[in-house]
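Note that the chains take the letters A, B, C and D in the order they are written out, and that residue 1 is the start of every chain.
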Amino acid sequence: MSSVRAEFPIFSRTSRGKPLTYLDSGATTQKPQVVIDAELGFYEGWNANIHRGVYEFSERATMAYDGTRDTVAEFLGGVRADEIVFVRGTTEAINLVAHSYLKPKMTPGATVLVTEMEHHANIIPWQLVGATLKAIPVTDAGELDLQAAERMLGEGPLLLAVTHVSNTLGTINPIAELAAMAKRHGVPVLVDGAQAVGHFPVDLTTLGVDFYCFSGHKLFGPTGVGVLWGRHELLEAMPPFQGGGDMIDRVTFERSTFAASPQRFEAGTPNIAGVIGLDAAIRWLSAQDRPALERLDAELLAAGYEMLEQVPGLRFIARPASQVGVLTFTMDGAHPHDIASILDSEGVCIRAGHHCTQPLHARFGVPASARASFGPYTTEQDLLTLTRGLLKVRELFG
Amino acid sequence: MSSVRAEFPIFSRTSRGKPLTYLDSGATTQKPQVVIDAELGFYEGWNANIHRGVYEFSERATMAYDGTRDTVAEFLGGVRADEIVFVRGTTEAINLVAHSYLKPKMTPGATVLVTEMEHHANIIPWQLVGATLKAIPVTDAGELDLQAAERMLGEGPLLLAVTHVSNTLGTINPIAELAAMAKRHGVPVLVDGAQAVGHFPVDLTTLGVDFYCFSGHKLFGPTGVGVLWGRHELLEAMPPFQGGGDMIDRVTFERSTFAASPQRFEAGTPNIAGVIGLDAAIRWLSAQDRPALERLDAELLAAGYEMLEQVPGLRFIARPASQVGVLTFTMDGAHPHDIASILDSEGVCIRAGHHCTQPLHARFGVPASARASFGPYTTEQDLLTLTRGLLKVRELFG
Amino acid sequence: MATMDEMYQTLIIEHDRSPRNFKALEAPTHHAEGRNPLCGDEVSLDLRLDADGRIAEVGFQGQGCAVSKASASMMTTAIQGKTVDEAMALFDSFHAMLTGKTADKEILGKLKAFEGLAVYPMRVKCATMAWHVLKESLGASRES
Amino acid sequence: MATMDEMYQTLIIEHDRSPRNFKALEAPTHHAEGRNPLCGDEVSLDLRLDADGRIAEVGFQGQGCAVSKASASMMTTAIQGKTVDEAMALFDSFHAMLTGKTADKEILGKLKAFEGLAVYPMRVKCATMAWHVLKESLGASRES
């Protein structure tokens, strides 16, 4: 039994009357008590709006909100706190960069280089601002074709937008290597860290990228909050994304001027409680033995592959050499939704569908797949229950 | 003592060691226990991502999230549930309309008609998409000049964007009348309801407007969640705002197609816990005796005016005939920030500054003001404490 | 009321394996297609109405989960020989049953087997998709 | 350490009412302006350095809260006759004191009166604004 599991109150609950077997951390992670308590404590004890109040609660809320920039900056390896922009999540972060960074540079036919394994959040925003997409191919093993990457970086894209970890395959992409390549070609790099930050430490002072983003809810934090990190010079040169309170300097009906970054990108009342919860989540994670969590993830992954290989008719979409704890598969004769429903009746929570990666599914020739994804609270028992459930699916559909 | 006050746990706390006198509900409202418990219950009991999971918690989260559209639709007088778009707050709602509704219609020199009392959130978004702003003047009493409005509506603006209630003066604008005028001139109407929905019922089936928006955190709900309501025909015709998961139909690198509204406007994982909290907040408010709350607000306002008139050197910015519980003033010789700091030392929370209405402050010739704003938990004792604090300010600065 | 398991064990898998009327019609009078973008289910439906306005022949094709396929298969047998109004009444009852509303279960016959799905709202879309396509195919033609 | 009340009661209000060196200089060698967009405070600062690089004369103007005005007023008397480096050292200590860091309070003299503000971080900006403007005026000139 994982030692952190006891800190997550949800595991005392049942699902469909069975003990909870939660294998959908790729969609959203569970929350440790300290995160829940942080939000609760704010609302019950010192709830106030930020930035313009001088009274005690507003002051405390402001310090907590802006202080979370320090927490995040340190978590990301020690970047500048004023490079941290709070957003709703990864999706909004990428939309912000598409709108405020890429769009002013757009010319007809300009391209953004993505990869075949991107989440829709790292595809659609570029299309919405008019970019043509080129995609680095994914090999049968579920890895990026780095030779193709090198060649395609040479074709003059405005940006390389790549995921750190595939949400469907678990692949850990060689970001430092890609960033070095991109640098040789003078191509700036945005990294979608949604699936990375919860699994291993990320150091942006050495990674060599220009933008990085992630979601709080996949990092044991609340929904509705996320982070965009951008290099100071880039953020400073970007026009606002949304307009409203707190991002202004002077406002007149003729013309308005704007605050410096990161404030310029945070229009209106933000998700204050969410940011406070994110702070608690990052502090919680940072206090863990992270190498031990990584080892646990790798061990469970190896065990999971072994167990699931025993299920007749089950096929893994791919099996990358370096990956986080995600098992994604199809089963002959059983649609992923049916698999998920039958597992559900056993209290097993997995995800079925395209996982917001339609192009990757097209690449592997399947319309949908079933995905079991791990968190630090995942146990071998969870994988045994999953396997037993899959054998039952097999029995029904076999 | 207001009967609802006991439902708000924060009032058992102190501020600077004094009993809490919270008079900043215009900035954000306090949260009743049921709202806090709703978020807590979700995180502790059935936290999951929505829309793509078939397992119990995801199903429950999805039903709760989408079910909140019904709650909101009913709260707004019985509009269609699929006209409810969840956003971060009023600010994002207006940015969404600016981007997806107004921008495709923009031509050089095209104008948006606003008013001199708008919050920056209802000014900057229109400027960011290139609109020229015209502003309906505000009279010395703090009311809209309706004759000017009629004339300016005739000048062919693309949109009338007007606040329902002024966050600085409390003025309740005659929206139905303005909407009827706008209709005669063929001008669509967006209403910023941020300060209205917490004070009185709003019926969008009779108001005659096209877009309406508000923030959860000013409605006894969580931060990071708000609502855009738009007429179905308008929403259906609008292109997406942000791109990502959950707003798509088919995605390829060449071309993507999008879901119907409201999903089309909700890219990425939303603030699920926030929406669940908003549901609880609206149910809480709807269960109150709303006419009684309105009467209480009016009585306290009258009492507040009377008390504050006794403070030498205090001047109200304006005194509109029809307003919600907000007292906004300056004091000879004492800057609003100093007023707020001295009140703070007495446990009194008010706001000092321009309240995100720089143009309105320019109109009244003051750079800043002090604002005490009420909620349903406000008591006469709060106003007595405020008055006592202001007399102390007077003593110091007199 | 059957659990999800029992539903699978009994009719769903049987209809998934051997769907009835799984074919395109040679001379359909009505046709429509539907898709559930979240799970990728697709249904294509052909109908032939006779001179009396009765559904003389029906065929479906598509891909998707067992629930959607079984539901489409059972729908084709259930509506055969019915008038358009009777088919729509059947859909109304079926839909009501699955969304937990009071439904005329008498007329549902074998379709009652899906009743247990009402407590799995995420799967209800799968069970009703073929019916929505049916409605669209008939509705569209009625207007033309 | 003085509470906010006591700070107001003693020096803040006195300097707000009768600010020292509240004037523009005739022949400033340095000038800068600053503004706090959140509260509308504005400060404009003139300096005249003598041949030795000492601050021979200083004047400020502006509008804002009593804290910012009092701080500007006290700053002008504190830096008079100091070298640029001495003035900057004073700012460093002042800033350290207000942000709760260990500060060389010895050299602060009367400026120590603001110490209590450290527990009111929202007002610290008001107290440091004039100093930031001072730094900007000197920094800018040093580079030219």
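The rule we apply is simple: a residue touches a chain if its C-beta (ideal position, glycine included) is under 8 Å from a C-beta of that chain, and two chains touch if they have at least 3 such contacts.
None of these values were measured; they are calculated from a predicted model.
Colleague: Just the number, please: Cα centre separation of chain B and chain C in whole Å.
Modeller: Each chain's C-alpha centroid was found; their separation is 45 Å.
Colleague: What is the distance, in whole Å, between the centres of chain C and chain D, each centre taken as the mean of its C-alpha atoms?
Modeller: 78
Colleague: Would you mind pulling out the distance in Å between where the CA atoms of chain B average out and where those of chain D do?
Modeller: 38
Colleague: For chain B, jot down the residues that touch at least 2 other chains.
Modeller: Residues 52-54, 58, 248, 250, 337, 341, 344, 352-353 of chain B each touch two or more of the other chains.
Colleague: What positions in chain D touch 2 or more of the other chains?
Modeller: 38, 120, 123
Colleague: Touch graph across the chains, line, ring, star, complete or other?
Modeller: Shape = other; not a path, cycle, star or full graph.
Colleague: Pull out all the chain pairs that touch, please.
Modeller: Listed by label, chains in contact pair as A-B, A-C, A-D, B-C, B-D.
Colleague: So in the complex, the part of chain B that touches chain A is made up of which residues?
Modeller: Result: residues 9-10, 13, 15-16, 24, 27-28, 30-31, 35-36, 39-40, 43-49, 52-58, 88-92, 94-95, 98, 114, 119-121, 123-125, 127-128, 133-135, 215, 217, 222-225, 240, 242-248, 250-256, 267-274, 337, 340-341, 343-344, 348-353, 355-356, 358-359, 362 of chain B touch chain A.
Colleague: For the complex, give me every residue of chain B touching chain C.
Modeller: Touching chain C from chain B are residues 51-54, 58-59, 62-63, 248-250, 259.
Colleague: Within their complex, state which residues of chain B touch chain D.
Modeller: Touching chain D: residues 334-338, 341-342, 344-345, 352-354, 367-368, 396-397 of chain B.
Colleague: Would you pull the chain C residues touching chain A in the complex into a rising list?
Modeller: It comes out as residues 3-5, 8-9, 13, 38-40, 63-67, 120, 123, 126.
Colleague: Chain A touches which residues of chain D in the complex?
Modeller: It is residues 37-38, 120-123 of chain D that touch chain A.
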